[in-house]
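Take a look at this one; I'll ask things after.
Chain lettering (A, B and C) follows the sequence in which the chains are written, and residue indices restart at 1 in each chain.
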Amino acid sequence: MSLFPLNQWYVAGFSSELTDKPIARTFLNQKMVLFRTGDGRVAALEDRCCHRSLPLSCGTVEAGGVRCGYHGMLYAPSGQCIEVPGQDRVPTKACVKAYHIVEKNHILWIWMPQELGVAPAREAPDYPWHDDARFKFGTGKYHYQAPWQLIHDNLLDLSHLGYVHLKTIGGNARLHMTADMKVTQDGDKVRVVRLMPGSTPPPTYKAAWPFGDTCDRWQEIEFELSHLKIWTGAVESGTDAIDDPNRGGFHMRGFHGITPETEETCHYFWSMASTRHPDMPENIDEVIRQTAFTFDEDRAVIEAQYRNMKDFGGKPEWVDIHVDVGGNRARRIVQRLVAAA
Amino acid sequence: MSLFPLNQWYVAGFSSELTDKPIARTFLNQKMVLFRTGDGRVAALEDRCCHRSLPLSCGTVEAGGVRCGYHGMLYAPSGQCIEVPGQDRVPTKACVKAYHIVEKNHILWIWMPQELGVAPAREAPDYPWHDDARFKFGTGKYHYQAPWQLIHDNLLDLSHLGYVHLKTIGGNARLHMTADMKVTQDGDKVRVVRLMPGSTPPPTYKAAWPFGDTCDRWQEIEFELSHLKIWTGAVESGTDAIDDPNRGGFHMRGFHGITPETEETCHYFWSMASTRHPDMPENIDEVIRQTAFTFDEDRAVIEAQYRNMKDFGGKPEWVDIHVDVGGNRARRIVQRLVAAA
Amino acid sequence: MSLFPLNQWYVAGFSSELTDKPIARTFLNQKMVLFRTGDGRVAALEDRCCHRSLPLSCGTVEAGGVRCGYHGMLYAPSGQCIEVPGQDRVPTKACVKAYHIVEKNHILWIWMPQELGVAPAREAPDYPWHDDARFKFGTGKYHYQAPWQLIHDNLLDLSHLGYVHLKTIGGNARLHMTADMKVTQDGDKVRVVRLMPGSTPPPTYKAAWPFGDTCDRWQEIEFELSHLKIWTGAVESGTDAIDDPNRGGFHMRGFHGITPETEETCHYFWSMASTRHPDMPENIDEVIRQTAFTFDEDRAVIEAQYRNMKDFGGKPEWVDIHVDVGGNRARRIVQRLVAAA
């Protein structure tokens, strides 16, 4: 049995990461080299030359594939070695594993199969907001010394904003903790909505939008296995209805792709897109800067949490409180999908 | 069976360390957070929030206790959670372990019990010299990558001064090695006295007291489980008797609190108090500076010793020489107290 | 059974390394201290004082031996403790293991015996070129996070020059890969000769010798257990015959002493000697600089290779190509000598 859900798409990174250098990255304990060939194909191969085990990610990208940096063997995106320099015949067994990888909405999606070589059972997820002219977006990525589900917990419970993120998006702790929260589930998706009318605009909001003294804030979080979408924002108090899908105001659309690397580590690929006020058209740089700062704070907390979990060996059992409903539902979904793998 | 003596007081640090930030520290394999509440109580709790395992030492100190830095749960010095923000009822099982800790003579003493919750069987040790107007003192601390008993060995045998501490308190090697040494034992205390009349004053002594060419030195070392007291000093040769308890001259009173962290690591909390000559009233800063330098040298030796012990797997057995009498007695005391734990 | 060939000479370093400080070095899992006594004897002892286990390499070198830096015990090159300061009698069991080490042609050779104390079965290898006036030489050393045999593979197959060493000695990749190669074996020695007439002189060659547009290059590699000799060089095309032992031109004589430290690490002691053209008499510094740069590149590749070998657990089996003949023969020789140990 796998330790992770299989036959699933996971986020492998962003399109902008694929330059003329190959990238070494491990997903679900499988070491891969990602690259875009000189003729434009995106590929993910086992990161190990079959000759003497050098990582192919130490090699170079060419039109036809990736060339090993030790003795020059050339591998096509199919994983087949197509050239052994100095030797006429390529041994038939000279090949490496190949994975399905696609590029969509500026995101790299990798299919982690139960059986290698079987085509993906469905299309990779859509994320149209990266291609939506109303938004500007920036991206970031983290390597976490913690299991992926601790990030799910963190993102599905934004009550921690009042204690962890005072300097950016936090604001008043008590308000965050007592905000009305609604958790719903639809199949393998969990949705958490929190509304906070009459909030003091936190620093990041004020840096990006000309808010007055109070605003009406919303937080809409949607979990699915490969990523979370977090729609947050606010309108000036007393203008649009906070739960109107067509409300105006300041919108931040966060994409959070979290992919296990090992049982103890994970990748976190995020993007943040925001709307712009006519008076503050260049707010995205500041939004991205403060978002990255906020996520640094989260990482410090989550990695300290995980070190401590290991030190204490998981005893005694966790005591749940009111904010854990969303995270616990996500855990049950992951557990079910692991069992199915 | 415990690996360490239990139902014992150990040194947990110095009072001056408790500021407005909590301190993370591990004693005898037990991770704790130490803090002084805003209303002045000293506390030592298990360093793990019962909700999601973040170390409480990542949190903040308030009047009533320590507040977790993730979701704001507040813990009293008793270990009981007394507030869950956003939730009316505090779950009864929301609590963490609490330890007995006291503050005495500027030292923090922690009781490491066989059974948690049982009151200490006796008072914490006295160390009145920190409150004695004739002395000024300074403190320091080390985290050692070596088991605590290697420091006992080191301190109970000051013959190493001639090889390890040439630059500060060492002086002539042969003199140290051939000094008259007397080892006595009283219950669980070991006392080593070495007298070195006609010594050349070593650099630290000359920096702190107007010695001439020769002095009469003494070293009086007293081991008990939680700490060693080392009284050293010298009189100008031919003045006071070297073994007169009321002798004058230059006195250094060293406190050496050594507390196991794990089987392989320990804490070393030290203070040094010295007398002042009317012509050199501000000698304490230089004494502390040189003492710290000396202890740095010891640490380098002891950590190298322990790495080597591990590399060689303890074979063959150690060959004892004349200087080992005191250290070996201390080892037998520790062994007996461990067996009793 | 040992994991390494025993009753063999291995390279322990270079004579120039023995100054007034002892050296800590581990060979075949045995930690040693190497030193030259004040009266000129070279010695290799177990690196652990028999008293309290401090590495003797933390001590000091004297006329009679090495003195421990903790309590001053003095050890002769024989391993016997000959002085315990402050004690009249030296305990008879106060001694450490001693190894046979000799100094020859500026190289330190250590005999790694099946049975300690038995005299070496043969003389240490000769390397007269360090004492040959026609050459100047320089030395270097590496500590490798990789097993020694990966360096044998690397040096016995110089086809990697075209991919790994483009900036120095590489030149045209295709030429290296298709060069005529002849592998022969004589007992426990393997010889690989590659001839590359009509080559473009690579950067290092041009920096050291006034080559024109093309040269005729040779590479003669000889493996034996303790070291490889690599004779490379070139003559201006159309002058001397490339396989004439008395050919002129530019000669580089590389000595490569590779000694296991542990199963996963090794030492690599190298020297490079080169001939000098009358117009470029001071070429050796540049040759050494570029050689070191080249070996840095090799190390990066080999250590990445080994990390990857461990990550993939050796599966699937390596696919061999045409260049592997020499390395595979060396592996069989090592395997046979290990079985004999």
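Note that a contact is a pair of C-beta atoms (placed from the backbone, for glycine too) under 8 Å apart; a residue touches a chain by one contact, two chains touch by 3 or more.
The structure displayed is predicted, hence computed values, not measured ones.
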| item | value |
| --- | --- |
| Interface numbering overlap (same over half, different under half) for chain A and chain B | different |
| Rotational angle, Cα trace of chain B fitted to chain C, multiple of 5° | 120 |
| Chain A-chain B separation of Cα centroids, rounded to whole Å | 48 |
| Touching two or more other chains - residue numbers and ranges from chain C | none |
| Touching residues (chain side chain C, partner chain B) in the complex | 31, 47-48, 50-55, 58, 67-73, 84-87, 91, 93-94 |
| For the chain A and chain B complex, residues of the former touching the latter | 153, 157, 159-160, 162-164, 173-174, 176-178, 301, 304-305, 308-309, 311-312, 316, 318-323 |
